[in-house]
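In what comes next, chain A is part of two complexes: it sits with chain B in the first one and with chain C in the second one.
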Partner chain A sequence: MTSSTLLRSSTVATPGPRRNKRRGFGRRDALIGFLFLIPLLAGLLLFRFYGFAYNVWLSFTKAGAFGPPQFIGWGNYQQLFSDSQLAVAVVNTFKFAIIIVPVVIVVSLLCATVMQYKFRGQSAFRAIVFLPAVFLPTAIIFVFGWLFQTQYGLINTTISSLGSSPVSWLGSSTGVTVVITVIVVYLSFSVPTIILYAGMQEIPTEMYEAATLDGARPVRRFFSITLPLLSPSLFFVILTTTIGVLKLFDVPYLLLPPEQSTSVNYGMTVLYYYYQLAFVGIGQRGYAAAVSLVLFVLILAVSLIMFRVQRRFVHYGEDG
Partner chain B sequence: MFPSRFKRIASGTAVAIAVTLAIAGCSSTPSSTSNGSGGAANLSLMIWDPAQTAGVQKAVDGFEAKNPKIKVSLQQVPQDQYYTKLDASLGAGEGPDVMWQSSAIPVYVKGGALEPLDSYIKKSGLKLSDYAPIISNLYKINGKQYGIAKDQDTWTFVYNSAVFKKLGMTDVPTNNWTWDDMVKIAKEVKSKQTSSTDVPMSYDRAFNNGVASVIHQLGGKVVDNNKGVVSSPEGTKALTMMKDLQDQGLIPVVANSTDFNPVSALISGTAAMAEIPSWNLSLLSKSTAPAGTFHVVRLPSVNGKWLTDTNGLSYVMNANSAHKDASWKLIQYLTSTEGAVLHAEGGASIPANTAKSTLDAYVTANSNLAGLRDAISAAHQQMYLRTSSEYPPVRGPIPQIESTQMGPFYAGKISASDVGKGIDQIIDKALG
Partner chain C sequence: MVIERPRWWIYGLVAVIGLAILVPFIWMVLTALMTTDQTLRVPPTIIPLPPTLDGVHTVFNKLPFFRLLSNTFLVSVGRALATLVISALAAYALAIVKVPGARIVLVLVLTLIMVPGDIFIIPNFSIIAGLHLTNTLVALALPNIFDVFGVFLLYQFFRGMPRELIEAARIDGASHLRILFTIVVPVSRSGLIALAILTVLNEWKELLWPIVVNRDVDQLTLGPGIALLRGAAVTDWNVLMAAGAMAALPMIVIYLLLQKQFVSSMARSGLK
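And then the complex of A and B:
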């Protein structure tokens, strides 16, 4: 809706003599509306804003599992710089993001492209693509954990039957990275596929027809038409997937539980480290709050950079 | 736009919802309720171990039968959520009337969340000497008793007799065996195993349970004068002994240990023998293996010592409970010989109540395990408190010790003396 239509409708809605009465009605309506919004706003205030503000306050305190926090100023933030575990967690988090996000995008793009074509088993293919979105992530993680199990896992059994030696999937940095990548990609590619597929539907077929007439082959059409016109959807998917992977917790936590694993550092992410600090043992919740704010700043920075970079690559069309 | 009657109803509804929500948000729900009649109460009891739920419920049923006016609601919360939930509810002045506590108790005592039990103990005539002193004293903070010990765990060694028979082994673990005997038997098992997925045995390689107990067997300590002393000669030797087990192929290599489960390995016969904590023994006795398949012995001795770490939980009372007398009655019953026997019949934990009948009940509940009584009795002779290696302040960094020190050590990237120093640094930092 343009500004001129807005002006027109407001003019029509406020004829002279009845203006005051109408405005009075509007206020009361707005009041009722706001009253209905109170539960939502209360929830937002309590669970989002208060929670965030309390977390910021906690980050300046020495807070254990129980008992009143004790204000210590910048102590927790100073500790961040000498924390080798945090460094491991930050490096791992970015490593997973750099590896996983492109794989999710490529897989989603491939699936969305395939979904555009009519073929035998199309419905089954679409169902298979969307299944991970409705599966319980914990169950999927455990199933993959069993598949990659060192002694009896199907993957190692297959590798052994082909004459190679079994791989310690959860016993090395590379192995853990591969397993986590496979699981996260499997759990994450469904929704991006649907979004990209919907974005592809928006591209006018005339463009493809014109390009075909000009002699453009499928690969050229994909890179010169599909990708540029899909860029808004693509940007959205890249942004949300990146934020999701930067907040990775459940996969490493379930594969490498903190209390028994010597390999836990191979999968340690910032959020997992936060969990360990805050909830394992007696808890260091003040310092954990500072770590969580590091993650907040990292995600904010990455998002801002991506928003800045997208101006060059994302085409919102003539209206945009 | 809207009829005025509708608007009144709508605005009235909105205000009512808002007020109701506000009131609901501000009001507190008492964790226990009284029906007003003398001595009657509804108590809440919170625990975390699902394996012990059946035993605790049995004891609770016994309590309710004796105290018909008191109803107890048993809530089992998964262990990794237990303290989070407890912290939130106790912090708000609520929480269960009676709950489990571990060696993390000083934090809760300091926060004023727990009721000192001395006056109740005195009034009721309960004798603390009826409980394993090593556990009971854990719950004495600043001269006051805050918890009554409920169980006492320990570590044992279990071998699968069917696997030993199948391999034609004549030497088996006994209650007199030594570390060298263990290595000799494991080597013989290894030489006879044919499958590449089999391992001779499992020994807890973790620092806190495995290595720390060998350090104590060698006469050393983990913490002395509030400082980490793992870099001592005993510490270095214990670390080397444990790594030798791995390097000789007697226990799974560290890279394969993450998803290795000793209980499952024993049941499937993949491992011929394994070091098993007492809280997992009931998993073996409840397996489908025929009775007598699993034999339990004490840990192998090093220099004549077979020390294992021990710890135990206690029942404690919420300082804000509305029914302190009823809560005390519950605690007293659950930890009494009668209550402990009912709990032990669940088979999942060894009671801290030292009456003979409690151990009898535990052994009977796990009668599928051969040699259990002798093994537990031997283990009880030589124990040290796990908190001597797992001070509450060190509980947090234990995963860090495993991931940054023990993992690279077993992978051959750090020497035993360097890993000892690394662990000391982590402990010192935690002890502050």
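And then the complex of A and C:
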């Protein structure tokens, strides 16, 4: 078996000091260790590896919700290039990422900075800032749908009472983008705030003191000390937020349900499109599988590019 | 970080941020206490006087609310427990027994953390359908309990265990399972709590997978359950807001009780 050869060669390759560390643990221990790994590996084998392989195979077939899939070769992949709906979804997904990620970062940096100060009501403020992380997304998406409702929503009635004409928020591409941005930022800035706040706490006080003595004002200190020293946390937060937005589904799905919305295209994301293809109506699962691989490749490519770029900008310190 | 005396702009920001977070939520609760009539007025009703529970009653009529609540509880606890057991066993094998090939498994784990596997809903659905598990609570949790992030998180905690402690226990004849549960788990308590909380929160926010795999409302959790109200032909905002407020409440209460643990768990998702 290839796996056992691999395992044996890795034991042989183990240099002296590591073997010393394993002193006292023999073959029997290793066997029990493998038993401990079985549940994880079995699950990964089924859901990640078999699942992925099955998905790839499906992408070469014509498959509906019922009946066996039929092999059709590259047909689905050819269809990808002529699918204007997919183009809309891809463009929207990237547009949302480009707009939402910077807003999330700015908002969470702002919150984390405010939390560095001592002020009355500090702990209450903290509790409130982290609340959106435990809010039920469905409920929050409903509330914003209600706030932005055209006729009776609080936002439009306020706008009208100020003398302007109400906005059809869900009736235009810009409007939908604004609403989706607000909701996603609201739901997802809390965890980045915590991570950035923790990162800020680790920056040594002396650095700020020295800079202050040199006459650096708060804004200057923020850009010259906080941001560079925060860059590892910042990178992590940008990466995870970006991936999260590329996988956006719940907000457009609940805001613009396919059956009652004519403006669903304004908020169509790749994952929403995938869901519609695979699980609404008769189901085009073969083609949907190909679409999911497109999303997979997009996310992977974006992550790899970000890892490349971070090498030039992220400062890990001498020991890191 | 330098702690300075707060300036006026700090108080300004605190007020703006605090209101921006709370106002939508408060508006949800206020609307939940209105009649449908009151929601359809211009200028809008702000304070529902007298408050009514019409919306709440309608929610109970349209949805098996307590069923959704108990499903959420069962699935979250089940998923968290299964994730903890599977991750702890694997992390023990990797960090403490250091089985031959542990590095290969670790590389695999780290790679899979980076690879977005959760977007493949169709194969997961086929697997669950093949196991005849669609429309069950098990289906909601099963694909997610093999959590590579959890394995890595616990691996980092277990790695810090003093070697002598484990070896002494081995010499005394303790089995590995016993060492795991009586020595390693108690020492790494904070890591396990963090993983449990993060897992429960992930389940709490799930939507796509539940609506795909469980079409039966009796087998759904709160989020996807109240989402069903949105598809209805008539949109009574007071009903939607009542459902939202009622569904959001349990986790808010839990968070307020365990605020410290929640915050430190979320900080751990930074994986440093």
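What we mean here is this: the second predicted complex is superposed on the first by the 295 of 320 C-alpha atoms of A that agree within 3 Å, B and C clash if a C-alpha of one lies under 4 Å from a C-alpha of the other, contacts with A are read in each partner's own complex, and residues count from 1 in each chain.
Note that contacts are C-beta pairs under 8 Å (C-beta built on N, C-alpha and C of every residue); 3 or more make two chains touch, one makes a residue touch a chain.
What you see is a predicted model; the values in this text were computed from it and never measured.
Legend: residue contacts after superposition of the two complexes on their common chain; A:F279 is shown touching both chain B and chain C.
Of the two partner chains, chain B is the only one touched by A:G64; chain C is not. In the superposed pair of complexes, A:F36 makes contact with chain B and with chain C alike.
In the superposition on chain A, A:I128 makes contact with chain C only, while chain B stays out of contact range.
Residue contacts after overlaying the shared chain place A:T181 against neither chain B nor chain C.
For chain A, the partner that touches more of its residues is C, with chain B and chain C as the two candidates. By the touch criterion defined above, A:S172 reaches chain B but does not reach chain C. In the superposition on chain A, A:L256 makes contact with chain B only, not with chain C. In the superposition on chain A, contact of A:V264 is made with chain B only, not with chain C.
In the superposition on chain A, A:Y152 makes contact with both chain B and chain C.
The intersection of chain A residues touching chain B with those touching chain C, taken from the two complexes, comprises 25, 29, 32, 36, 39, 46, 145, 149, 151-152, 160, 259-260, 279.
By the touch criterion given at the top, residues 1-2, 7, 10-11, 14-15, 17-18, 21-22, 25, 80, 83-84, 86-87, 90-91, 104, 107-108, 110-111, 113, 196-197, 205-206, 253-260, 270, 392-393, 395-400, 402-404, 406-407, 410 of chain B touch chain A in their complex. Of all residues in chain A, only 3, 6-8, 10-11, 14, 21-25, 29-30, 32-34, 36-37, 39-41, 43-44, 46-48, 50-52, 54-55, 58, 110-111, 114, 116-119, 121, 125-140, 142-147, 149, 151-152, 154, 157, 160-161, 186, 190-191, 194-195, 198-201, 203, 205, 208-209, 212, 218, 221, 226, 232-233, 236-237, 243, 247, 249-250, 253-254, 257, 259-260, 271, 274-275, 278-279, 285, 288-289, 292, 295-296, 299-300, 303 touch chain C in the complex they form. Residues 1-4, 6, 10-11, 13-14, 17-18, 20-22, 24-25, 27-28, 31, 39-44, 85-87, 89-90, 92-94, 97-101, 103-105, 108, 112, 114-124, 126-127, 143, 145-146, 148, 151, 163, 167, 170-171, 176, 201, 204-205, 207-208, 212, 222-224, 226-227, 230-231, 233, 237, 240-241, 243-245, 247-248, 251-252, 254-256, 259, 262-263, 266-267, 269-272 of chain C are the ones that touch chain A when the two sit in their complex. Considering their complex, residues 25, 28-29, 31-32, 35-36, 38-39, 42, 46, 64-68, 84-85, 145, 149-152, 160, 166, 168, 170-172, 255-256, 258-265, 268, 276-277, 279-284 of chain A touch chain B.
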